[in-house]
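The next block holds one structure in the form of structure tokens; read it before the comments.
As written, the chains take the letters A, B, C and D, and residue 1 is the first residue of each chain.
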Amino acid sequence: MVTEVVKIENLTKHFPIVGGILQKTIGYVYAVNDVTMSVREGETHGLVGESGSGKTTVGRIIVKLTNPTSGRIIFDGEDITRVKGEALRNYRRKVQMVFQDPYASMNPRMTVKSALLEVMKIHSMHKGSEYEYATKLMERVGMSEEHLYRYPHELSGGQRQRVVIARALSVEPKFIVLDEPTASLDVSVQAQVLDLLKELQKQYSYSYLLITHNLAIIKYISHRTTVMYRGVWVETAPTQELFKNPQHPYTIALMSAVPVPDPTLRREKIILKGEPPNPIEKVVACPFQDRCPYVMDVCREKMPPDTDLGSEHLVRCWLRA
Amino acid sequence: MKLYEYSIRRIFLLIFVLLGVTILTFYLSRIVLNPLGAYVTERTRPEAIPAIEKRLGLDKPFYIQYIIYLQDLVTFNWGWSRVAHMPVIEALFYRFPATVELAIASFIIIILVGVPLGIISALKNNSVVDHAIRIFSLTGISIPVFWLALTLQYSFSYLPKVAGLPSLPSNGRVDALLYQQYPVNRITGLMIFDSLIQGNFIIASDALLHLILPAMTLAFLSIGAVTRVARSSMLEVLRQDYISTARAYGLPERMVIYKYALKNAMIPVTTLSGLLFGGLLAGAIITESIFAFPGMGQLTVFAISSNDSYTIMAFTVLASFIYVLINLLVDIVYAKLDPRIKY
Amino acid sequence: MLLSVRDLIVEFYTYRGIVHALNGVSFDLDKGEVLGLAGETGSGKSVTAFSIQRLLPANAKIVSGKIVFDGVDLLELSEEKMREIRGQRIATIFQDPHTYLNPVFKIERQFLDVLKYNDPEIKALENKKEAERIAFEKAVEMLKKVKMPAPERVLKMYPHELSGGMKQRVLLAMAYSLTPDLIIADEATTALDVTIQAQVLEIMKELQKEKNLSVLLITHDLGVIAENCQKAAIMYAGRVVEIGDVKKVLISPKHPYTQGLLKALPRTDKEVELVGIPGTVPDLVNPPTGCAFNLRCPYAKEICRTKVPPYTLEEGSTVACYLYGGK
Amino acid sequence: MKSRQTRMFLMDLKFALTLLRKNKLVVSGFVMVLFFIFLALFGDFIVDPNIAKSVDYPNALKPPSWEHPFGTDDNGRDIVAMVVLAAKYDLAIALSVILASIGVGILVGSVSGYFGGIIDEVIMRITDIFLAFPGLVLAMAIATVLGRSFTNLMLALIIVWWSGYARIMRGQFISEREKPYVAAAKILSVPSWRIIFRHILPNAIYPMLVVLTMDMGGVILTAAGLSFIGLGPSPFEPEWGSLASRGAVYLFQAPWIIFFPGIMILFACLGFNLVGDGLRDVLDPRLRR
């Protein structure tokens, strides 16, 4: 029996748009619409989608940087959707997040050491041996003691992201949300960081939610994958299965659109027409209807049902329903 | 949100601000100051004081007093000005056009000199010209008003007069004798405008001469600010990517700078100029008083020296109302100028 | 040969010191050819683009080298002549469509001005109104060519009312309306989503074929190069380290850096084990002596640390590495 | 850690100095400011402070001479001495007004900007009220009400000055609070007060240094202006503005009385403005790359 570390159920987030003379809510940005997914122990779950797909918002909701409009977040069997105060602090010792831009996610006026020690002090961990623990953390992410004395701008991009990872690990979490962890890094450094994440998972069996737009990274690192479009999940499957046998027209188009660095490979590309719909329109039917090459009447009327294709492969498309 | 909605919302908020302003001035004038001051002298019999208090509503609770205060404000019943020997409101409105005239004159100089200097400074970044303009504008914002005014008065009016050279007038709005000879009917109260439409060029030119020194004084203090903003925003814009686009697509350099960059760079300058104009309209207290220019500011300085609190407070309220209104206009113009603005 | 860059050296003067951004960049581009220029941050690919257009910022200086375009050295031209080249013969499409359109002018104004100053037909017209009208028609036509929906309406909009993909199409339309011989696409699709990137690349491909244009495609994405270019050049620390037929460079890379780059790349088409390149990109204020890659290279020898390797021809690719060429 | 920070500070300082060295204007600004501070600190030792309270009518209104290089005023006091003695009052006003205002500004702006919502709405509406007055006018009204004294002048200026800083600090906090480092701190359960003061404040205040430096000059100017229209301290607390104000009456007989205090104000303000202007370049992150 696999244990689910995090499970989100029917998660919805609508950001109000205020306007008008009285600054009342005149509409919503429908960022996340009814997303259900789970991350298992020791597993990496990839959440893939383009800008505006709502993937980052899902991550921010899970670490409780923002509250969902509706839906539930269950962590280790406990509903933590509305936790506050001490309970929230406890939750945040088990859940951490790594952001896209490592430079922006570090306080530019704090050394690595003071950043790490601050965390330990707040959670009263390793009293008396904070420094030793900080050194150990640095070694764990492939850096040395001397880097403790550096300011963020004295580190390279890859080193910064390692430090950010070390800081997330400092509270000894079970689960880490990785929001585009390598998007700001160069390819040669990205590989180092991805391998570090893999290695850490192997050793300490962390669970990851990997948010990215990069399918290649998903393929390399994640065990299961959910594809999002316009705040709706459209397909979810074990990664290998997804790449072998994509079912949703959007997933298929996305995979075909990714350029492959093999000039001998000649493929017919599926070029989608149009652009993602405006997020201020409420999603009532299939969000992909306007760009889908196979669109049918029913797609414009009703949300497609969750169709189970077996071997944990679920898709939301009227073609497969 | 549409522009008009934004404007209405801003006006709506303005009401709160103005209410706040009146609470503050009410507090200052009724609670901290002795409101009886204007009505009680040494010769007033002590037993008469309660009657005066009653007449002024001072025996009532504060909130009622405040409502009376507001009523008085709205009905322009602003009290008696001891220094002007007339109701405060009349004194202020009588003097307002002079202030407007001075404000317009100095504003024209500020824009005509400040903006070009800023742009030259930006285009010749780090050259000798740039440094010279930088010093000039920093000096402008470092100079005490009264000192500049008096120095100008001394060197362009007093010294030439003593030496028997032609000199600039440094007192009042117009030569009193000349004015008696060629009187002008008061229409708008803007002397140059009034005399021009009445074909009275003698007074028009004399009034213009009287404006030169005070307008130069006010202008010099603000040119620096305009120049600095124009310079830095022009430099900022020239660094932007869309300037590279214009160049990369073969537009001539003149057009890149004077059409594409300038419009962007002028947005912050417009905002600042608006605020400066608001400040000028709200009264150039020191300058007016030194050049005996009969605007609201001069009246206020008189009021200060004779402890005329009604006049001071009335001026404070009026000045802030004008200032707030101009600010509002500036914000609306800004929203209009920059299509990106989100309200 | 349409464009030939030779030993281009560019320096930036900053308060940190002199940044040696380009250290002898050389490559050729034939008529009708699409050359991909790839490299990581700081490799100098964008600086190369800006140098060709002579649009480097004021603190940069082209120290030496030649940029021969259609038989003329661009570095020798007067500013006015260069402006004509920029408007009429070389067009650039930049990376971030959000910042490369002027926010306070409508698309129409920006597009028509470009046409009025560069389109010979419109420039020749005496009647201003007429010129304006013809320019408008031409703009609409170009926007249709880049598959812009409702072009007339788009022209009346401000840039912020358009999505990134739409803005990039406006810039494409502007660039191609100048009927240039050479297009420089500087990370033109990097800021776009994959599905939008595919659309834009498709349009670029069509226009390139139609006019037999030469394209210098600058990107950090080797996938984009593989799918769109005939030739590929790999840059590292301000130098082209390997250049050749795209199949040769990407399938059997010669330079250790190119090899490392390909091994570090996660891909969707096959299962791979990633191997990162150890270390980081050198600081170009104090670049290492010899081959700039020597600190990260698994094959580094003594000579690599002292002398800059010359170019040698190895199985059809030109490589700057001491592993090849006998010595 | 300390040594590291010191080293970092020294590096910053070295960088700043190399930048400043290239700019002769800034250096001259520094000299002016240092001279001003020197006069303020040691003025009482350089000249006899009793001169301020002395009266010497036979020597009144004497033009500049070897004995009195700047001349004498209407009480026969030596202007050089008066100008030197006045420096400390001006520095005291400038420093206390700026420090108190930025203190209030930080408090109000940080709470408003960080928490947002209703708190922000209420605080900003109140701030708006203070911003609705032209600065000099409000200061004038308050100074009139409070009565003429050195402390009241300072108080009036603080009441006028804090609101601008509150608004700027709020803006800074709003832009900083959206940055990932703040989100990261939240996720690590760093308490709000610590995020505000330890994380955001140092980043938010840095760009303010330019404004604060230049406003030192602004406060001196405004104080002098208020003194000039008769709202300044008593003649026995000889601030430059009030010295000049006495001179205005004798402009045509004894222009030196107003000339020299005015020049002092000009140079002190110019000094601060030059330094602030230079600081803007030093703090510009674009130049660091």
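By definition in this document, a contact is a pair of C-beta atoms (placed from the backbone, for glycine too) under 8 Å apart; a residue touches a chain by one contact, two chains touch by 3 or more.
If you're wondering where the values come from, they're calculated on a predicted model, not measured in any experiment.
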Between A-B and B-D, the pair with more C-beta contacts: B-D
Centre-most chain [mean C-alpha coordinates]: D
Computed distance of Cα centres, subunit D from subunit B, in Å: 23
Interchain centroid distance [CA atoms averaged], subunit C/subunit D, Å: 51
Separation of subunit A from subunit B, taking each centre as the mean of its C-alpha atoms, in whole Å: 55
Interchain centroid distance [CA atoms averaged], subunit A/subunit C, Å: 32
Residue numbers on subunit B that touch subunit C, as the complex places them: 125, 239-242, 244-253, 255, 259-260, 263-264, 267, 337-340
Residues of subunit A touching subunit C in the complex: 50-51, 156-159, 186-192, 194-195, 213-217, 219-221, 243, 253-265, 269, 271-276
Residues on subunit D engaged by subunit A in the complex (per definition of touch): 1, 4-5, 8, 179-181, 183-191, 194, 198-199, 202-203
Contact set on subunit B toward subunit A in their complex: 1, 5, 8-9, 12, 343
In the complex, subunit D residues that touch subunit B: 25, 125-126, 128-130, 132-134, 136-138, 140-142, 144-146, 214, 217-218, 221, 224-225, 228-231, 241, 244-245, 248, 251-252, 255, 258-259, 262-263, 265-266, 269-270, 272-274, 277
